[in-house]
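As structure tokens, here come the structures.
You will see chain A twice below: alongside chain B first, and alongside chain C after that.
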Partner chain A sequence: MVFEKLFMKILNKERKPKQISILIIGLNNSGKSTIVNFFKNKDVRKSVSIPTIGFNIEHFENQGVSFTAYDMAGIGRYRNLWEHHFKTCNGIVFVIDSSDRMRLVVVKDELDLLLQHPDLKRRRVPILFFANKMDCIDALSSVKIAAGLNLEKVDNKPWQICSSNALSGEGLQNGVHWLTSQIKECVLTPPDKEVYD
Partner chain B sequence: MSKTRWLDALSDGTAGLKTISSCMSVCDLKNDNYYKLIAAEISFDLEIKPRLRVYKGTQVVHDQNLPGIPSAVESLYIDETHPKMPIVAVSVGPSILFYRNMKPYFKYTVPSLIIEPLEMEIWKKLVSDRSDNYQKHIDDLKSINTSELSTLSQQLITLNDDEREFFIRDNMEPKLERLPTIVAMTKIYKSIEEEKSSNCLIIATESSDILIMDVQSFNILHQARVCNFKATPDLLSASGSFQNDFKIVIATREGSLCILRKNWLEGREIVKLENPATAMCLLQIDQTIVVLNTVLAMTFGKLGLEDHVLVLVTNNGSLLIKILKRTAEFSEPLSVESKTTEDSTNMTVAIPKKTKIFIEQTIREKENASAIHNIFQSELWRMRLEAAKTTIDILRTGDSTFSGDYQTPLKLLAQVDGLGPDFLLTVTLENISATKIAGNLSILLHADPEHYKIKRRYADLSPLMPGIPLEMDFQVSVALTPDNLLPSDMTTENSIIRVLIIKENLSKPLIASTVVMPQPELQLLIT
Partner chain C sequence: MSFKRDKKEEEDGNGNPFQNLEKTSVLQEARTFNETPVNAKKCIHILTKILYLINQGESLGTREATECFFAMTKLFQSKDLVLRRMVYLGIKELSTIAEDVIIVTSSLTKDMTGREDLYRAPAIRASFSITDPTMLQAVECYMKQCIVDRNPSVSSGALVSSLHLSSQSGAGDVVKRWANEAQEALNSDNIMVQYHALGLLNHIRRNDRLAVAKLVNKLIGQSMKSPYAVCYLIRIGSKIIEEDYANGTTTISDTHFLEFVESCLRHKSEMVIYEAAHAIVNLKRTSARELAPAVSILQLFCGSSKATLRFAAVRTMNKVAILYPAAVAAFNMDLEGLIADSNRSVATLAITTLLKTGTESSVERLMKQIATFVAEISDEFKVVVVQAIRTLCTKFPRKHSILMNFLSAMLREEGGLDYKTSIVDTIILIIEENPDAKESGLSHLCEFIEDCEHTSLAVRILHLLGKEGPHSKNPSKYIRFVYNRVILENATVRAAAVSAMAQFGASCPDLLNNVTVLLGRCQMDIDDEVRDRATYYLTILNSSNPSLWKNYISSNDQLVSLSLLEKTLKEHLNGALTETFDLSLVPKTAPTPTVTEDAHNDAMITTNSIQKTPRVTREEVNVERLLQIPGIQRLGPLHKSSPSVQLTESETEYTVSCIKHCFAQHVVLQFDCVNTLSDQLLENVRVDLLLPEGFIVRHVIPCAKLIYGEKESTYVILEYPGDVASSSATFGATLKFIVKDCDPTTGLPDSDEGYDDEYMLEDFEITVADQIQKTKLNNFVVAWDAADSEEWVELEDTYQLSAVNTLQDAVHTIIKFLGLGPANATEKVAEETHTHTLLCSGVFRGGAEVLLRAKLALADGVTMQLTVRSTDTEVAEIVSSAIG
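The block that comes next holds the complex of A and B.
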């Protein structure tokens, strides 16, 4: 799988393998689990899925890369579950259901909260947006979503938006390719002052 | 805390939707957890047929004609079978059309009201008499109050001379029916009070009847009058289940609010408003939402995958969807929480030394982790269940022992001691706000002076500190007749005392609660 190979390349260049962690977030039903499944290898080392009281966490580790996926559940006290990763994550995958036009404002609200979060505000963490469910007839284009979310205002973090279909895998590789190259840059270049270690 | 608690999901000025609140309903129509809005489009242009539409978010995904102007739309579950597919009920005139998968499958018509014997008499004469005598019979018909005439007679008296003859000839075997128009509908649960459990439909008619229907068999389970005087229902709101207990609040066109409970044959007036209510909603949010146009209709509930959505339709046909922010807080944040996270990262935490007990406990926890976790989880669920039960109990029993005002949250408890005719009424008032003092309050006891003598019926209250209950005693005596008998018109039902908590400069009481007084034990008085 392309994902792992790319990560292996990054990791091989480093003497001491460093734990890379990627946070996959988005509203419920946006397609996170489907995306995670697509990337999971058959011989995934650790795979936990805890669908409990109102929120979902999925976690798996592969070749030193840890993936954690969270549903952005509304209830206040669960928020710090994913916010807790902001400090340390090396990359963020933000999954959007492009066919749920009504909730685009909720996505924007969550994204703004994320960008304003003190642990993330000044960190240069690459964000990959998946405009998922591109196969749906009423799906908004990635350009429209970028405009709706005001992405051009995000200037202190590298970002990219890719249309995807998590069911067929279309678009996923492209996006992840971009993310890995960004992480590679961030990991290999000496961390800037703001990065916590 | 941000200023607004609402996200504007959509302001579609082109929706062209004209409707009223009672003609909107939100439900999980396809059982895919994506809640949709069902709305009847009522055009003010009589040429255009009303339509029944389904909106997914803001897009119309279904659109069909309705046979007449609807008065209410309701979505219901008819049984407990899976998958859970709701049906849609639309009232048009005296009938209700039931839709399954948005296809009509049943039409129910409310039973006819009684026809005046005089009217039947007149029709007997009409169909047998010569046309020269029609005028006399029609004048007789006109002597009956128009609203008490059958539809057929109502039509007849509006016709001109030459049309009458044909009309009567067409109706030689007249079917005299007086079908009351359905003015409002709502629903309660049948027995299990859970989302997506089966419902009963509540129907209010122009003739002031409230019908409770089993939507599986279409049988009327219970029928009651709105009130003991003339009151035409206008808006309905209900809670509870048919089997356990339920409460129906009816706003009438005459401006009263009536309440109807299980087993009652007649509703009771609880409030008389100066003007009839225009909308009834169970929302209590301190925020004002500014909408540029007049709001015609609104509904609140689940929509799409969001739990708290307000849907507004304005008079220019715009559809506004407002989603409650997930981070919206409805209580003031405590000022001590203003420390920033940057500060906390520099703080060192004093970690105590590991004691033997601590280590032993850790080992125990390690060994029995899953058991401890399971016990904790089950206790947690039990506690949640208890909390939910208590909440439901409070909602069911308390008419309004909680203040609805967000600025001054109060809780009221009342207790009656004594055997009578002298009672001691103890009122406990508690400020349940976390931080705010509640000041400028007064208490007023109100009862029929023919029934009760209250020594002190009004008192100004000292400011209430949060969490410290204030207890007040009031002496209440039954106003006995000179020969020590109960007032003649006193019944168990009107043995009540109203307790009102009033705030200065507020025209509406914060709490209006009714205390049901026990019947005095008069035998004890005589012996």
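The block that comes next holds the complex of A and C.
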């Protein structure tokens, strides 16, 4: 009896989709909520998004992994709230408005702060950059943004930058696909823990 | 109140699972919130613990709360219904302590506008606890929708949240814009929505009397479905009527509304019926015609099977009993039935009501009935009973022996200090007011102190024994009781006993020898204070000089305010010590009123409201301020300060009120000024007086600077005219000042240039009452008879008081005009009598004593025969002429 129960427990655990929490951050008006909106089922999508105050929690699935996305507010006065979630997140999505050349320096500041944060500094957390609003005429290319942000200096975390258009969904799947595979690799199969898959 | 506590204790006995929670360990557990996936069941339990702790009064620090709050925000990822609702509660509780609570705004907004109805209402309420007025604009459109939502709980939640919000500063104007939506919600079918909508509408308009009246009038016309709303409507309406009545205006809508309240007596909901009856009873303008149906409703409720209804009815009856004893008297039978009620609080209220309305003959029977259950009720209710007995004592002085026996029986039983104090107060009151009861009262008290665990009470009783004992028939009887204290009690009580014994020695020459022997023994006491007192009294008693005895032992008339004496002595010690201390500089004060004020409390079942703050008289407060005026000492001690009088309308550019401080030959006028114009700075503010003949201005102290919104004072010192007769007079007054325009935000003047301006104030009077300090004589008759001598002047005259209609009004008027203190409880006129005698006493400035006897008779107005006895002819004249 007892063994049977134990076995069932292990079996259940195996089948259950993995719960992963990811943090979606970036300056205000960069398209974070719109990106999250795109991943939700078609029937619950919103047509208009308004500036987020605080944060929103959304759930979606991708390649058998269940994501809990913390869609954080990007407005200046709420950015200090991001760090409350650094400790518990398994992956970070950093959204950049590629048409906003002016504020690229602000993005760099925020990114540097994030990378230096004690909760993240030594952790191997995958970071996905979305160079969003690629449809805009004066949008910077993802390569230029990567250069502008000095991304090549980031060596202890896997990162990837994708151009995207959150309105049409272009580029989003690619990015998330990469993120999922990275997470599977470095979170769900940590070297010192037993592997179920 | 007390049952609640009892009930809680019972629960505790059964083992409250949360009883031994500790804050730190619970907060530790709260880290579980961060785990993924969320364990809903566990988190709900932890949240419950946190809420329990907060509601038990445990205080969380800002950091703790913030940490806990952010952990809690993680729980939004769970889809568990119960957990989500617990999170809402948690947000509400922590929102005031934690920082950055704004973080959950979007999460809540999502739930507010989502499809899950179970989330929406609580999300609205939670969201308002974190919203500050600056963000209100953003949620405004949601709110408007929510108020008119079809779901009643959503609509209610929105209405109540708006109500809370509108009392926050800055949010009121935004909420005002939602009035149309609230109006729409008022037509809802749901009883709660209707009630809450009415609440919000009333709150929005609360500053606009006309608008409220209009709202009430409109709603009276439609019959509202919700009994809660109707109750609320009755309350709003009664408030309007009460205000109108206080202003002396009665409008047509008031009459209209009164009819509505009467019609509510026939409403189908018991709650509304009770509310209507309650309103009618409490309205000051209620006449006997309107009262009758209300009282019969209450009578009906007394027989109800629901304990709450019986309680409410009896409680209101109790109120009626104070205001209109005659109206309740008819229903004594119903009330007597309730004495045996299984609910003790109902029974207690019924008894006390009966005691208030009962006739002299029924007292004995009632007391017997009380005795049967007094042991079963809690201390709070016992105090209520004692207060009822106290009023009974003043009403039926002849029944003192029964009441006194009952009280002493109660004294012997177990009880807390409050309860014992109220009994002792009552007995002392009886002794003071009723000479026949003195002997038996004193012996009951003697018996009590034989076994009294409360030091404060023992000291009071010993003091009383020292005061009254020597004048009784057999003083030696009390000495034994007093000396027993010296042997058996603690130091404080021993000291009091020594003082009491000295009183006997000073007042009864035949006991002097015995007392000196006893005091001699006390000199061996181990306590310093006791030995000091014994030595002090012994020396004076051995001096064989009766005038010394009188001045230093038996005369109790020390009227110096002790707190002020302490203060002046301290100041003297801190000073240069070049001058000797002058006791006459310390102001004498009126004796503080003892029990008369508390008597109003007895209508309430809660006795927690009795104030414990030490009473400070107006004079004591004022002296501190006055002492800052240079040279004020030369005027001698302060005799009396008048209450503050407004010299301007309350909402004008500048508001000024005046306090008259009366000294022996001078009056100090204190003008408290407030500048309500934010763009003006006033300088050199002073009051220019139009003096009547005889008054001389001695000094003017202007106020250098009057900043916007701050209260500052300017003083004028006047000397009274030589003849007392012209000392009550009317003054014209003008406020004079220099205006400087200034920046409203910084308060700094725009330029150094100002211009002179003045502002007319209303005239004010110095009346006779301003110059008389009331005294409280324990035995007026003795003083009155003693004043029938050469040194005293007597004036007698008869007046027709046309302005008053009842004896009680006449008594109030006399006391108000003369500022005298009533004696022997004669300020209360018994019901249904046509004659009354008012006795009162006071001291005129300069020290002339005034005794007054007013015999009043009721017949087409009030006729009064006024007899004034005073030590000064002029004073007697001015007092007797003040009434006419």
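Just so we're on the same page, the second predicted complex is superposed on the first by the 133 of 197 C-alpha atoms of A that agree within 3 Å, B and C clash if a C-alpha of one lies under 4 Å from a C-alpha of the other, contacts with A are read in each partner's own complex, and residues count from 1 in each chain.
By definition in this document, a residue touches a chain if its C-beta (ideal position, glycine included) is under 8 Å from a C-beta of that chain, and two chains touch if they have at least 3 such contacts.
As the structure is a prediction and not an experimental result, all values here were calculated from the model.
Novice: Report for A:Q19: first if it touches chain B alone, second if chain C alone, otherwise both or neither.
Specialist: The second partner, chain C, only.
Novice: Which partner does A:A147 contact after superposing on A: first (chain B), second (chain C), both, neither?
Specialist: Neither partner.
Novice: Could you say whether A:L27 touches chain B, chain C, both of them, or neither, answering first, second, both or neither?
Specialist: first
Novice: A:L167 contacts which: chain B (first), chain C (second), both, neither?
Specialist: neither
Novice: Is A:D100 touching anything from chain B or chain C once the two structures are fitted on A? First, second, both or neither.
Specialist: After superposition on chain A, A:D100 lies in contact with chain B alone.
Novice: Scan A:C136 for contacts with chain B and chain C and give back first, second, both or neither.
Specialist: Neither partner.
Novice: Examine A:H59 and indicate which partner it touches, taking first as chain B and second as chain C; both and neither are also allowed.
Specialist: In the superposition, A:H59 contacts chain C only.
Novice: Would you sort A:H84 into first (chain B), second (chain C), both or neither based on which partner it touches?
Specialist: second
Novice: Of the partners chain B and chain C, which touch A:D119 in the superposed model: first, second, both, neither?
Specialist: Once the two structures are laid over each other on A, A:D119 reaches chain B alone.
Novice: Could you let me know whether more residues of chain A are touched by chain B or by chain C?
Specialist: The partner that reaches more residues of chain A in the superposed model: B.
Novice: Could you give the residue numbers on chain A that contact chain B in one complex and chain C in the other?
Specialist: Touching chain B in the first complex and chain C in the second, no residue of chain A appears in both lists.
Novice: Write out the stretch or stretches of chain B touching chain A in their complex.
Specialist: For chain B paired with chain A, touching residues are 7-10, 33, 57-59, 303-307, 321, 323, 325-327, 329, 340-342.
Novice: Any idea which chain C residues touch chain A in the complex?
Specialist: Checking each residue of chain C against chain A gives 34, 36-37, 70, 73-74, 76-77, 100, 102-107, 109-110, 135, 138.
Novice: Name, in rising order, each residue of chain A that touches chain C in their complex.
Specialist: Residues of chain A touching chain C: 19, 21, 52-57, 59, 68, 73, 78, 80-81, 84, 87-88.
Novice: Which stretch or stretches of chain A touch chain B in the complex?
Specialist: Spelled out, the residues of chain A in touch with chain B are 27-29, 72, 74-76, 79, 100-106, 108-110, 113, 118-119, 138.
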